[in-house]
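These are the structures, in structure tokens.
Look at the two complexes coming up: chain A is in both, with chain B in one and chain C in the other.
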Partner chain A sequence: MMAECSRRVLVIDDEAHIVQVLSLKLRNAGYEVLTASDGEEGYEIARKSIPDLIITDFQMPYMTGLELCQALAKETATANIPILMLTARGYALDDEDIALGNIRDVLSKPFSPRSIVQLVEQTLGSSGTPREKAA
Partner chain B sequence: MDLHASLWASDRHQVLRRRVREAGLLLISCNEQGRVLPSATRSSSDAGGAADWFEDFFRSSGFVHRAIKKAVEIWTTQDQPAPIAAAPGLWLAPIPLVVRRRRCGFAVIIAPTEQLLESEHFSAICRSVKGGADERVCRSLLAQASLCMECDVARLIALVTYLHEDQVHLSADEQAMESTGQQLAESYEEINLLYTIIQNMTAPGMQQPARFIRTACQELLGTLPYGWIGVRLAEDPERLKALSGKFIAEGQVPGACETSSDDSSDDSMRLPARLMVLTEALLKQLLPDTAVVLDPQSNPAHAMYASLGGAVLIQPISSDGRVVGMFIAGNKHGSDSAVSSVDMKLLNATASHTAIFLENAALYDDLNAMFLGTLEALTASIDAKDRYTCGHSRRVAHLTQQLARAVGMSPEQVKRMHIAGLVHDVGKIGVPEHVLLKPGKLTDEEFAWIRRHPEMGHRILKDIPQLKDILPGVLYHHERWDGRGYPAGLAGEDIPFVARVIGLADSFDAMSSTRTYRCAMDRKSVLDEIRRCGGAQFDPELAPIFVSLDFTEYDRMVREHKAAAGPLMQLTPGSKSTGKEAA
Partner chain C sequence: MKAGKTASLTLLVILVALALVTEALATWVEPLRSAEPWKRIALGAGILAALYAIVLVPLGMAIDRALVSLRGCIEGAAATEQSFSFGAPRWLRPVMRSLSGAVDQFRQREQALRTQLRDIEIRHRVSEAERRQIEAVLHTLRDAVIVTDSFNEVVMANDAAAEALGFDLSAALHKPIDQVISDRKLRQMILDARDSANFNDCRHVEHELCTANEGGDASAIAGRVGSEARSGRFYDVALACIGNHKGEVSGVVTILRDLTRERELSQMKTDFVSKASHELRTPLSSIRAYVEMLVDGEAQDEKSRQEFYRIMHDETERLGRLIDNMLNISRIEAGIVQIDRENVDIKVLAERAINTLEPQAREKSITLHTKLADIALTVEGDADMLYQVLLNLISNSIKYTPEGGRVTISADSDNLTRSVLVSVSDTGLGIPPDSIPKLFDKFYRVENYKRVAKGTGLGLSLCKHIVETVHQGQIGVESKLGMGSRFWFAIPMRYAGSNCTTGVAA
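Showing the complex of A and B:
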């Protein structure tokens, strides 16, 4: 069996408390957590460090969550990173938009931090990740 | 003030500026184009005097301004902007100012060293000072200032840069703390809202559904940033009873006014007729469980809803897959006026609770109506045994509750008194029909049957826990104030209050009706008789209150009961005779 290496999750949100809460819960669950405060920074970090999973907000400065997902989908290195999208929007996102990126789930705020950690576990458990494939 | 300026004017940066000056350096901020930004107003804690002169000297120098502009041109091309000597002994070092990861200018460290005093550029600087500056005076003032040594400049600049970076991190952490605290406070409010609503779903609340809805609106309005939040209920009298078609809201509803009703239990508002029509039509279009946002300003298809005053969030209240009402939240204020998912989730949860509440309230109403209906049917069937007493129980119940209200009992107590009045004669079911209907004088044995009906009634009802409090009314309604009544011969205040009230109502109805043994007495004689018997047969305090009651409704009931009994009377011709009736 392959040794359990620490999985890397990138959390992107311009709201500091969301980043705080998610980082805390994910670190406690044994994940390595990277953070970014807008879509553009998230994009740079994602390309540089190829995380196993990305949790990103939808509405952010410079680059929205959706634009980020679509940009990542265009590059082979990042195209397969599973993404969980958070949204504070009152209405649902378009299915067509979601289909353009590797978005596995969309959660609307407020969400249960516990269930997000579960969702991360589920998502990572069910799919081989780019880093693992490379290993 | 732009972001940059506000960053620079923050307390934290003012402290840094002061500290740096103590080290013989200056901090001057400029925008991305290298234009120097005005300094913040000096605080009283600034050292003043020589230190102020030092800052003013460089700040007002055109030479320095030009040097900064030129330096910024170079720095903006560099990945890692490095210090530049603007003149021998005058160093400029950049600290990039970053807001939201975007560089918006520089805080420039101005580091004059002792070399500057010897430099020929010093005269140029003095000449460039606004309004002119005397070179000799400036030189001597500057010599007194703690100028740094050329060899220390790099180290000092590095230190100040680190200090500045720490300040920025501190500021960011402070902001994160503040936003987290703010969010925590909001989350508490949301939790509290849900607690309050769940608490209000208890049984006593069931009798006041309008109040439940009003409280829900109040709590929502306190938690969410909207100008008004209301509930419009569908026209559905069967399910919603009194709430059908009502509009209950908190906050400033466009065009609405509170109902000017004397009835304090009515919490509803009156919407202008066209809004009522509009919202009724809207209710019919809603899908259960699907919230909608109506935005007349940005969506032409919603133009017809402009009278709701801007964008509104609509959350249906549905029960059994049917829309029975909707929450409407309008006039969102605050930094983000778009409807958020938090708003929707809270409104959705509240609507689900409201739906359950309305359903329970309807069930409660149904149960209550069923209970009362069953009692009425039971007593009506007893009344029906004796054609002359048709409707007697309901009339006594009505008078009992009227008198109870007149003496100031609570609405809840009045309801119980009504039930007591309704069932007071239930024991007559145990009296043989030939005794009950006998035309003519009763024998002692027959009269003994009649006298047994209070106890029989008591025995019939005593095992129903919900009727425990009204049993005394059944058992003792034939007691008399002077102690000559039956079955126990109680006197005065020993007779339970409910029994004294029923006794009055019972006698009034008996005297006012035609009986097998006599004709109905007229109203005046009945009231005179009651007045006369106060202190003998009746409670002397209750009798005068009773005679002053309004008997309009009673008379209406008599007419109704007569009409209902009419055909029956014709089928079985009545007979004339004597006293079986109580009084």
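Showing the complex of A and C:
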């Protein structure tokens, strides 16, 4: 299960328990995990450390998950980072909105940490990571 | 002309009569034969004059008398209802009889006409009453009603229509709809309904009313009577044809029912369900995730396992609180909650709430300061509900006040408003001014404070319901960002209808 070179995943959610449980699950699966508790903080960390994948909540203070994705898509360094969106209200997202960011999948809450790890593996396996491309 | 002819004819007759008389005298009386012609003429004239005096004058007088008596009869008969021939000279009786017959016929016809007139008057009064009824119905209706004729002119409309479509009611009558209704689509609907000549069913169309500027045309604005229509409102437009005796369309009835409020309510309901499901999903996600982690053995040691159990327990409680609050609010809103009214001392409740929350305050080194009046502060109300309000307000203050702060609870009676006034002030974060109007809304939380403390977004909404809906009191807040907040509520000491045991529908 251990990834060969440790891949970096950024988890953003304003619910501390969710961040905690996802971090633990991903760390146990061999990922390096960064965390943020709102969109703005997440945006700063994403720009600074260019993670291989981002898992973000949709509804957050300061900057919503969607605004975050759109902001990241505008910058070349972060435009290609695949994003998984978590949401407690799936229908609030239009396909048009999703198309504006590099959103690979939208998962509705409550979710299974197991399937999140699977999805992360799948997403990172199918696409070269920005960091690998840069190397 | 006629008079002249008659005169010359009379003159001719007199001359002929004179000639005949003169000739006859000349034949019969010997001495006259040889007499001068002028003597013969003078004699003839004399005889004629004598004849006139003897025969015609009495005859004329007799006729005159008869006419006078006839006039008397007619006048008498006109004034009274008596028969005609009464009192007339014998020789005039046949004339009088036929005259009387004719008058009787006239009388009968007059009677028939009178009956007809009365009939028409009654019908007129009935239709006038019916018109008033229809007008009263029309003006009482909240739906907008416009009736147009076959020439598309307004023949009837009500105040609601004038208000909704923005026209002047009195000026709009007998005006073509082009000058009355600015909404082009609505005008087209009326025209289509008229042309369809469908008498069997009424057509319903949902329509958003737009002003002349948006959906109308220039010709409609020119010479329009009245102001702007209410735009952006949704209407159910019902259109029905009116038929005449020949089965042709004589007009169209158009009724507009405002659906805006209905739509707003249904939107509010949708929003509530969406917010509620979002709020319920959040703790549920944590519970589900941690259960799965435990099942998958992701917790490496007993300490993390214990933490997982604690989180699951806390989130389960949060879920329970949410459901309780939601149910309480909706029950109060629906007016079906059982309220136990009794004499409650607010001071006792406040002390109980302070005791309960003391440990929480101590944990954050917050001092709970009390300023309670010396007298008993008795109100008539539901003790459990009022306790809930105090608990919510004090625990909010503790939550949003940084360590080492101070929360002051005061309660006193306000003699001016005959109520008990309770306030909870803190030295906390304060509330941004733009958040204050929304603070008591369901599920509203100050965006930036979500991380400061956990909450359901329902606590203050429940407080407002308990204070205002159940106890006819008042609740409010004053706050200065960074300086702290003061939440207060006032409960009337006694209020009308204290015997009722159910809540008032919100």
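Note that the second predicted complex is superposed on the first by the 130 of 135 C-alpha atoms of A that agree within 3 Å, B and C clash if a C-alpha of one lies under 4 Å from a C-alpha of the other, contacts with A are read in each partner's own complex, and residues count from 1 in each chain.
Just so we're on the same page, a contact is a pair of C-beta atoms (placed from the backbone, for glycine too) under 8 Å apart; a residue touches a chain by one contact, two chains touch by 3 or more.
Computed from a predicted model, the values in this text were never measured in an experiment.
Trainee: Taking the superposition on A as described, I'd like to know which of chain B and chain C A:K25 touches: first, second, both or neither.
Mentor: The answer is second: A:K25 touches chain C but not chain B.
Trainee: Touching A:H17, do we find chain B (first), chain C (second), both, or neither?
Mentor: both
Trainee: Applying the touch criterion given at the start, work out whether A:K74 contacts chain B, chain C, both or neither, answering first, second, both or neither.
Mentor: Touch partners of A:K74: none, neither chain B nor chain C.
Trainee: So which one touches more of the residues on chain A, chain B or chain C?
Mentor: Tallying touched residues of chain A, the top partner is C.
Trainee: Could you look at A:K109 and tell me whether it touches chain B, chain C, both or neither (first, second, both, neither)?
Mentor: In the superposed model, A:K109 contacts both chain B and chain C.
Trainee: Between chain B and chain C, whom does A:S37 touch in the aligned arrangement: first, second, both, or neither?
Mentor: Both: A:S37 reaches chain B and chain C.
Trainee: Under the contact rule defined above, give the chain A residues that sit at the interface with chain B and also at the interface with chain C.
Mentor: Touching chain B and chain C on chain A: residues 15, 17, 20, 37-38, 61-62, 88-89, 108-110.
Trainee: Name, in rising order, each residue of chain A that touches chain C in their complex.
Mentor: Answer in residue numbers: 14-15, 17-18, 20-22, 24-25, 28, 37-38, 59, 61-62, 88-89, 92, 108-114.
Trainee: How about chain B: which of its residues touch chain A in the complex?
Mentor: Answer in residue numbers: 100-101, 175-176, 179-180, 183-184, 187, 190, 291, 293, 313, 338-345.
Trainee: For the complex, which residues does chain C have touching chain A?
Mentor: 274, 277-278, 281-282, 284-290, 292-293, 296, 298, 311, 315, 447-448, 450-451
Trainee: Which part of chain A faces chain B closely enough to touch in the complex?
Mentor: Answer in residue numbers: 15-17, 20, 37-38, 40-41, 61-62, 87-91, 108-110.
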